[in-house]
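Next up is a structure, given as structure tokens.
Going in written order, the chains are labelled A, B, C, D, E, F and G, and every chain counts its residues from 1.
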Amino acid sequence: MNFDTLLPVGIVLTSLLAGGFIFLVKEESHVLRGVLNLSGAIVKLLLVGVMIWGVYHGHVYEARWMLAPGLELVLHADALSVLFVTLSSVLWLVTTIYAIGYLEESPNRSRFFGFFSLCVSATVGIALAGNLLSFVIFYELLTLATYPLVAHRGTAEATRGAKIYLAYTMGGGVLLLTGAIWLQVLTGPVDFVQGGVLSGSAPALEGQLIAIFVLLLAGLGVKSALIPLHGWLPQSMVAPAPVSALLHAVAVVKAGAFGILRVVYDVYGVAYASSLGLLTLLGILASMTILYGSIKALSQDGLKKRLAYSTVSQVSYIALGASILGPIATVGGMVHLVHQGIMKITLFFCAGNYAETLGIHHVSQMDGVGRRMPWTTLAFSVGALGMIGIPPIAGFVTKWYLGLGAVEANAHWVLLILAASSLLNAGYFLPILYRAWFRPPPEVWPAEHIHAGRFETIGALLWPPVITAAFCLIAGLFAAAPFSPLEWVELIARREHGL
Amino acid sequence: MDHLLMFSPLQWMSVSLILLGVFFFIAGTVGLLRLPDLFSRLHALTKADNLGLGLVILGLLPWAPDVFQALKLLLIWLLVLMAGATGAHLIAKRALRGDGEDLHSS
Amino acid sequence: MLDSLALAVTVPLLAALLVTALPGRVQTLGVIGAIATALVSLQVTVQVWQHGSLRSDPGGWGAPLGLALEADGLSAALLAMAALVALAISIYATGYFREGERRLHFWPLWFLLWSALNALLLAADLFNLYVTLELLGLTAVALGALTGQREAVAANLRYLLVGLLGSMTYLLGVVLLYAAYGTLDIALTGAAIRPGPVASAALVLMTGGLALKAAIFPLHFWLPPAHANAPAPVSAVLSALVVKAAFYLILRLWLDVFGTIVTPAAAGLLGLLGAAAVIWGSWRALRAERLKLLAAYSTLAQIGYLCLFFPLLQATPEGPARDDLLAALVLMAISHGFAKAGLFLAAGLVQHSAGHDRIDELGGTAQHLPAATFSIALAGTALIGLPPSGSFIGKWILMTGAIETGQWWWILVILIGTLLAAAYMFRVLSRAFNEAPTPRRFVTQASTEVPALLLALTSAVVLGLGAQLLWRLMGFGVVA
Amino acid sequence: MTAHLLYGGAGILLFVLGVWSFLVHEALLRKVIALNVMGSGVFHLLIAIAERGSLPPDPVPHALVLTGIVVAVSATALALAMGRRLEDEDDAR
Amino acid sequence: MTVLLLLFDLVLVSTLLVLAIAALTSPEPRRAVMFFIAFGLWLALVWARLGAPDVALAEAAIGAGLGGALMLAAARRAARRQREGKVDRDGEAT
Amino acid sequence: MNRPAKLMIGLLLCLFALVLLWVFHAALMQSPGARLADLAMDSLPLSGVKNPVTAVLLSYRAYDTLLELAVLLAALLGIWSLGAATPGFQPAGAALAAMVSWVVPLLILTGGYLLWVGGYAPGGAFQAGALLGSAGVLLRLAGDERAGLPSERAQRRLVVAGIAVFALVGLGTMVAGIGFLTYPPGWSKWLILLIETAATVSIGVTLAAAYAGGKPRSRASDGATP
Amino acid sequence: MAAALVLLLAMAAGLVRVIVGPSAADRMMGAQLLGTMGIGVLLLLAFAFERDALTDVALIFGLLASVAAVALTRRRIGQDQD
């Protein structure tokens, strides 16, 4: 037991312990709960900082725990995990602040924050999982921890949404489980190794390996909302805004997308997967999802629904990046893991602000909201423009690298997809911006909670989107700086492709 | 059955007693089967089986290995007599009351 | 020289005698007796852990003439589970049976049952097993009818009759074995047994009789009403331990007595029945209207999972793979024991608080009892087989075995069962989410809520993370 | 040999008759009688195999049967008491 | 002698079986119980013949004593319920 | 149950019976191996008793018997948990009373005799206990509601006495270092007799109490039980 | 002595006929007769096999013969008037 083994365990435990204690906190002890929440998040962030530094310098952090013969729980930090860990722990801190403000006065907060912390632990566990078994374990834990969050409000609608969410994720879970076990029977324990572990497999196994890939993809595709497995995502919009933010930007869909990256790069190996023809399958699915999500988003009037379909579409960029052979596309896909996260969380924070402050839930109610809430709307605009791919915001970097990668890999059809998708993105985001900035505000807002006498809204709600919007700008403007997401992803891509 | 011929007089006596007892048993059975009404059947039965058993026990007595065993045999007879009497008494009493609840149904 | 095996049986027996003879101090004696019993049982487990299998001969005559007590890894593991679960239930019972009369009846029967369980797990003699089975059956029935409600008495009467039918059938098998091999000792019979009509008939009779007691589909009909109508701590012990004990016996017989004569077809049949039980039990649990009925049907399904191991064990040659399967089977049984006990205890709290346990009307109730609800959730995790519960690992190895032996069709059963289990558990859990506020404190009555919570937590977390200890206890392969 | 087969066979027949009656009849008393007949069949079988070979007979099965009888009568008493409890409740209705 | 013994055994066994069948098939509860008691006694007789006097003692003591009395009590109740029409002839609740 | 189903069951069971008979025949044909009978007889001198069945019950397989007594206790406790005893019987008439006053002492006497004789001839604790129980039954039938038994408190102590003595003897021999229920040579006869005596009383009381069909009703003077 | 046994058995067979045959209190008497004859058979067996223990069995038969008869005819307090 030295520092190298304790660090990954500590990163998982910070939020787990915080969560455990929060359950026991009395409902009215706001301060204690807040302290627990924030100290957990900050300690975790510090530990992650140490880990980034270490991994950058080639340090290996690994903890192993034997469950049963052949079944090991492994926490292992490589560059890809660090990327996801960083994303989730930064956004956890921000979201926690936001949630504290958002849930003020509402009931059952200890329960909410308890599960919230568990959810982050599971996400971090997914990020740090060093083999397929560990991945599956944390992946299922994530399902368990998010269910109470989706159902949190307790209304009939919330219960129904949660039920649908559960049905999808459980179904996906058993497929993933089957695939993982099958693979383990064929090859022994499946550790994640950069470059993949299957490339030397016997030709006789190819058929089984393809079937396993399909199973794994089906399991992961549910959480990352690949069509036709995306049905739960719009339904779970009933959850409170911080939860939606978490589901869409940090935890659930990202866990699915991250899993796809793990399977393609670190289990099959991108070259071997390509030789089996699996990448084509993935690429087609991803492209269809991108277009389908965008088209559905066009016709949604509910703001959160529109954002949800946008998520369906955007997350598939990550899978799309993975499906194209070549380091540049890899960079494009992986960096979107981060970029989509910060952009989408900004958008959801803003949507939550509109709902909480003014009672706005629909796009059609957003006329003139920019004058009432300029900072929020500004943050929203940054996020939306980034999604469309306007430079210099983060989303542009993604699309640029995806496009370059496609050209490099001679997959020109991807360019078409990108172009069409960007057009559609513009089609559903620009009208919102137009309404918000250029239409006159109505006499009365639908349900104004915080009155005009006060500036915008309360600080805990305002600062998080502003900060994440700033991240979007910084990630785009300083993309080439050391330790920027792009720079880090290039490090990963070099290691994955053995360059 | 040539060993029968080697029996001593005592043996002959006990064999005959036992056979007589058995005969009374048979008579009791036949009586139970044949006699027309409950009370006469009761009568036949008790007499027959008490006497039958008595005779059998009497026939067996000479062969008892010790006095204790012999006493036991007699005790058994006594008990059967008593149980027979009480049982018959109870049945008769119950039947005489004729409430039909217990003994005549089915 | 203390004989820990004999102590594990006599200590609870003496406790039963004490609480029978001194009804005035039943509660104090009960707690002391429970702790003492748990300690002596765990002592056996510790000794097996240290020295491997233990054997002792009460009476000092030794096997064929006398009878023996034996503890190997398998029984030691189950013994430890029984000790911990029963201890938790005992503490819960101090809070649950508060009023005089029923408390007076509960404790003596409870200790007799515990004693029977320990005796059963340690028995190494076929006829001795019959006696322990009957002791277990009678005490279980009497405890199950303790509520005194009509349904409870009727259901448990049926349980009694069916149980007797089962044990008589079992006994007939024992008699046939004795007629042919002239011994009752398990190991000696196992060594002497030869394939033939006698062995096959004994196998069928004994397995059939025990299957009736273990509620293996389609002989399960008596279980749901009996388990659902008993008082909560009793339901817990019935589902978690009593049914498991009968199942343990089937396993024990198949491994140690009939090991050489079991055919793949027989094992496959048991697997098939298990599969039917998984699906039917889960389905009925999903349709159940009452929480405790749901839990009872879920027990059927869980027994079904355990049966699925038989065809795989049969098809796997001796070696690490078979050891893994066996350990996984035990792990699943133990996890389920803890989980089901926790679930029933929590259900008892909910029922006590609401005055009923109809699932559709539990809305506020489930939420007013956060600790109980949390226990249900944790137990649910283990029942569904989600990580990090012990049953997850068990299921993983089960599915591995199914793939390795090429019997992939069992996987479909497992997957469907898992999904159905998730459906019925979350059907209950979703009641915990409504707009009512939770109470201020997490735990409201420590003596009842903490045992439930600890049991559920053990099943859902501790057993999963500590699973390797089981391999060590059972003496399988050195863990690297 | 024939005698053992005769007595043992009787035991088996008793057992099967008991099973039959247990399955076919609903009333508690008849089920209890059926179970007792079943039990007697098994005990009878045990005693039949004990007598196999020369005298004296094997005492082990005899002891087993004694134990079995105690168990059977315990179970019978409990079952009948439970049945009575049910009937009392029905009568009280 | 052996022939006699065999005949003896045959009669013993067949009577036993007849009694068992009578106990199991008679619909009237008290009659069934009485047959059962007779069956128990006969069984004791058979076991005495088979050289198991210990067991015969126990069976006689239990069959005619506690067991018989318990069952007769139950049979009386069952008969009353049958008469009162609470159950039909097979004992199933109406 | 309808007629075809009954017929079906009957046919199946006939088949079952035939198979079992065949199996039994096969079992008899199979070489009986080392029978326990000879072993039991050879060990008889060591067991301290002369009746082999008693030796099996209280020495070779004493542990079985201990659990068997527990079964009996469990049944009684189960019956007690169901509620109060059934109402007693109408007082006996003269003839019955006379018979009972003869038979009950005889039953008890015979019980004692069987207990004593159990060491070297057929008989023993259980038979004796059954006779005591029958005496209780007879008393209850003759109108004594308590079946001649003492108060509930005393009953509770009496019914556990047998197992208690049994288990304590076992623990005693264990603590003495010889092993659970292993009688020291020379003591076995007396220890067995001690256990049997206690067991006889317990069995008798248990059976008689079980016949009452429920918890003993408190006599008017016993005060109120809830 | 075997002859006596056979005779007794013939009677026993007759008894079964009795028990199956008429219906009512005679069945009770039939049972009683059976008990008595059982005692006879036991005693003869004890003699034939030279096993004294069977006399004890017979003794118990005798002792308990009354119990069944009493149990059948007695009534509980509170039931119809005596």
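Just so it is clear, a residue touches a chain if its C-beta (ideal position, glycine included) is under 8 Å from a C-beta of that chain, and two chains touch if they have at least 3 such contacts.
Here the structure is a predicted model, which is why all the values come from computation and not from measurement.
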Touching chain D and also chain E, the following chains: F
Could you tell me which chains make contact with chain A and chain E both? none
Judged by C-alpha centres, the chain sitting nearest the middle of the protein is C
Taking each chain's centre as the mean of its C-alpha atoms, which one ends up farthest from the centre of chain A? B
Contact pairs, highest-scoring chain pair: C-F
CA centroids of chain A and chain D: separation to the nearest Å works out as 68
Chain centre separation (chain C, chain D; CA means) in Å: 28
Distance in whole angstrom between the CA centres of chain F and chain G is 23
Per the C-alpha means, the centres of chain A and chain C lie apart by a whole-Å value of 42
Hey, what residues on chain E touch two or more of the other chains? 5, 30-31, 51, 53-55, 57-58, 61-62, 64-66, 69-70, 73
Touching two or more other chains, which residues of chain C qualify? 65, 127, 131, 134, 138, 141-142, 145, 153, 179
Each of the following residues of chain F touches two or more other chains, namely 20, 24, 28, 32, 35-36, 40, 53, 60-61, 64, 68, 71, 74-75, 78, 82-83, 86, 96, 99, 103, 106, 114, 122-124, 126-127, 131, 134, 137, 141, 207, 210-211, 213
Contacts from chain C onto chain F in the complex sit at residues 1-3, 6-7, 9-10, 13-14, 16-17, 20-21, 23, 56-61, 64-67, 69, 100-102, 105, 108-109, 112, 115-116, 119, 125, 127-128, 131-132, 134-135, 138-139, 141-142, 145-146, 148, 153, 176, 179-183, 192, 196-198, 201
Across the complex, what residues on chain F touch chain E? 51, 53-54, 86, 114, 122-124, 126-127, 130-131, 133-134, 137, 141, 207, 210-211, 213
Please output the residues of chain F touching chain B within their complex, sorted ascending. 93, 95-96, 99, 102-103, 106
Considering only the defined contacts, which chain D positions touch chain C in the complex? 8, 15, 18-19, 22, 28, 31-32, 35, 38-39, 41-42, 45-46, 49, 60-61, 64, 67-68, 71, 74-75, 78-79, 82-83, 85-86, 89
In the complex, the residues of chain F that touch chain G are 86-90, 96, 99, 103, 106-107, 110, 114, 117, 121-123, 127, 131, 134, 137-138, 141-142
